[in-house]
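Several structures are given next for inspection.
Each of the next two complexes has chain A plus one other chain: chain B in the first, chain C in the second.
Then we have the complex of A and B:
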């Protein structure tokens, strides 16, 4: 990333107060989920005598139906949700960048084949496919990460292809072609570094999408399952107690909302900073 | 115009084939043996083998695919493994509820989204705009199922205003009853599209406001309101047609979640139940049908765009 873009980013963050809040929220949630083991209570300790206690001094988020401390559970749940979000983003970003660069760089038949494939994948309700695969495969966080990652690279590939089309016409790329550099070297050394800012924008928004997808899957009971828990799966159980203990539904939901909101805001700030033309309003 | 429509329809055909292959492969990926559903404990291995042969499971994969495609094209989608009713009939029963919910959400999100977007653009960077921008961020970030839970808690459990589940009260057959049941699912399903449409309309209106013709209108004495509603709206609204196509995937995916939370008896709810009961023929048919809704929706939005913007005709 060159200094001009870094300067733009600093300026945007200074200008946009929401952006700073988003960065702080993400930082707090990351630290909290990494340091979850410092929580005052064991997230798995069952205490039936204290079940469904509203938030109080001892249990700031209250306790769930088995008397487990809901705050500790939310911290550990956040760890799972954020991990799924980040790792599946990495899978889809890597696939999307590679496929998009190849498609844009080589053009012609390869390009139209790849683009048609993406069109098809985008006209299948991928959420339903993700649901089906999660039901078929062994439940586990690893599978969820892979499945979400494998089904959400198409948007990134389209954006990367568009950028590659314009970057590949620049002089330095033409020069390396003339000097006989291998296509692979040109893509890795000249094209990908140049489209990197765009990739960052797309992947930040991608995390937000992945976290939402995971929470919906887990809520339907086809994502993170017992003994693991994520914010989404906590909401699945909270649904049954919505009348007696609405706070069980409140906290994980607000945490998902805050996380996804922050990544969406951050993604837009990156966009304005990296592509000043894209958004002058 | 007709040529463009024909061209688009022809382009959609290979897409449908590809999707049919994907849906067909789903059943091959599935764990377990489809024969299991027909086996009773008294059957011997020979009898099981006969069933297998009769179901065509011993033929090579591509033969099975062609056979499946043939019967699908003839309208025979097979039978549910759970209740043994024809899949086609079950989908036909469920389709109106889903299409009704989607249609209501589409209309709601267009109307509200366009109004918010226009007013935001007219008051750029003022209080209304800032609040609307933040709310549309919330709209794209809120987990729809959680939003639904909160609505049910407030509107059904606490205020007792709206029913929380189903499409009709048993024994009541009034339109008002249907509307009351539909309000919350429609709000939940349209929220994300409202936010997307509002953002698009806002930015396209803002860029229209910088065009030369707007300056000319102002110079010839038109009021702000006149410029906005008489001239800018017409141009700014064009992208909505494309967004309509873009927000369809959201609606289709959203329908699965929304319908199963509110017990709305549509295709989405049927889809989720069929996944839990490993009802493969149903799963395949629902994948096909929801893809079909997407493809037809995109086709319609392409054609509408062609009608709305005559420049497109020459391009294609």
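Then we have the complex of A and C:
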């Protein structure tokens, strides 16, 4: 990232109040889930006597049906959700960038082959594919991260391919080519660093998608298993008590909403900051 | 000319770009960017190539350095046909040919520092170790008038002229024999143009370089070139020693082109008004049959419409493709 982009980014953040809020929300959630071990209560300590207590001084988010502190569970759940979001984003970004760059750079038959494969993969409802795969794999965070990562790189690959098509005609790439540079080095040294801003935008949006997918999976009982929690699984267990204790659904619901919204706003800010044309509106 | 002295010889070079393949079964149209041209460049000389935008001069240059595959003809480098060589066999020739581009903003990767930019060709050919490369880069950067402090900066911190110097330093780093100067000065302002051209000349004398100098500024081309070629719509219409082209232009297009050079002396300028050519360049997708210049030529004859003129040697080394001669 060069200094012009950094300047743009600062400017956009200053201009966009919503953006500052988004950054603050993400920062708080990140810090809170990293420091989750400082929570006053053990998230897995069962205390049946205190079950389904609404929010109070002792338990600020209340307690769930087994009397566990809901605040601590939400913090640990956030840890799971954000971990899944970031790690699967990294997997999908790496795959998407490599595939997209190769496709765009070489063009011709390789490009057609890769693009048609992506078209096919994108036309399959990913969520059902993940559901089916999940049935054969042991549920757990690791598998979820890998599966989400492996099925969400196609969008990034398409974007990266488009950018590569434009960057590969720039004169510094042509220069490298006529100097006899290897294709692999050209891609690593000249193309990928110059499409990096676009990749950041796409991957930020991907985090939000991955968090949503994980929540949905957990909600369906295919994600994290008890006693571990994630925001999705918390929602699932809140279902049964929606009449008696609506706050059980409210807290994880709001947290998911805030996180996904913040990442989407952040992605949008990155997009505007990195796109010189969109700057003047 | 003895064959030995020719560094590069181009024979019947053709480069067509496919355009407008609209439907699956529709026939592809071709834009004949360069259509059957032949010329040579002697060792140690500068051949200037002029012509208006879109006439194929850049395409000609880029074909020679094998930026893309050509559609026909041969390119001889020291007698070896390099036009059909595969990338692996081409590599030793790539090392001998370098290029300086028009736009100093687009030709330097904005994410690399000057040191990395200039040492790129050295890295490609694994020349020297890290320290030797650094010393070579320093030597080059000082040769083009920049200093050690500039090495760790990024391209956007430099002015256009400085960037072009970085481009020149990069091109020189692997001791090429031939440099394609693809309109290296047209993006620079006039005072900087002279600096860059003088530097290119000094370097040529010092290192024995051969240039193909593409430009549309005729006075600069005259200053730097020993021979000049004039292109119009994918064709070479006239080629010869620069003094002959300037003193005695033969082709009507060359005459018009030369009269468009602005005269700084107002008295002289009044005496020799610019002779404007009528009309526009025809579409290169549908060039006129016969002579390409026929639609705009004042002297056209009957045969100009049907018969394509060949390059004829009218004076010694001075060739023209026109039915008037």
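Points to keep in mind about this one:
Basically, the second predicted complex is superposed on the first by the 277 of 281 C-alpha atoms of A that agree within 3 Å, B and C clash if a C-alpha of one lies under 4 Å from a C-alpha of the other, contacts with A are read in each partner's own complex, and residues count from 1 in each chain.
By definition in this document, a contact is a pair of C-beta atoms (placed from the backbone, for glycine too) under 8 Å apart; a residue touches a chain by one contact, two chains touch by 3 or more.
Computed from a predicted model, the values in this text were never measured in an experiment.
In the superposed model, A:261 makes contact with chain B only, not with chain C. By the touch criterion defined above, A:194 lies against chain C but remains apart from chain B after alignment on the C-alpha atoms of chain A. With both structures placed on the common chain, the touch criterion links A:239 to chain B but leaves chain C unconnected. The wider contact with chain A, measured as residues touched, comes from B rather than the other of chain B and chain C. Applying the stated contact rule after C-alpha superposition, one finds that A:170 touches chain C and leaves chain B untouched. Of the two partner chains placed by the overlay, only chain B lies in contact with A:220; chain C stays clear of it. By the document's definition of touching, of the two partners only chain B reaches A:129; chain C does not.
When the shared chain is aligned, no partner comes close enough to touch A:108: not chain B, not chain C. Of the two partner chains, chain C is the only one touched by A:178; chain B is not.
Shared contact residues of chain A with chain B and chain C: none.
Of all residues in chain B, those touching chain A in their complex are 14-15, 18-19, 22, 26, 29-31, 124, 134, 137-138, 140-146, 149-150, 152-153, 157, 202-203, 206-207, 249, 252-253, 256-257, 260, 271-272, 275-276, 278, 283, 286-287, 290-291, 294-295, 298.
Of all residues in chain C, only 65-67, 87, 90-91, 94-95, 97-99, 101, 103, 106-112, 120-121, 124-125, 154, 156, 170, 174 touch chain A in the complex they form.
On the chain A side of its complex with chain B, the touching residues are 18, 116, 119-120, 122-129, 131-133, 135-136, 208, 212, 215-216, 219-222, 232, 235, 238-239, 242-243, 246, 249, 252-253, 256-257, 260-261, 264-265, 279, 281.
Interface residues of chain A, counted against chain C in their complex, comprise 2-4, 170-172, 174-182, 185, 189-190, 193-194.
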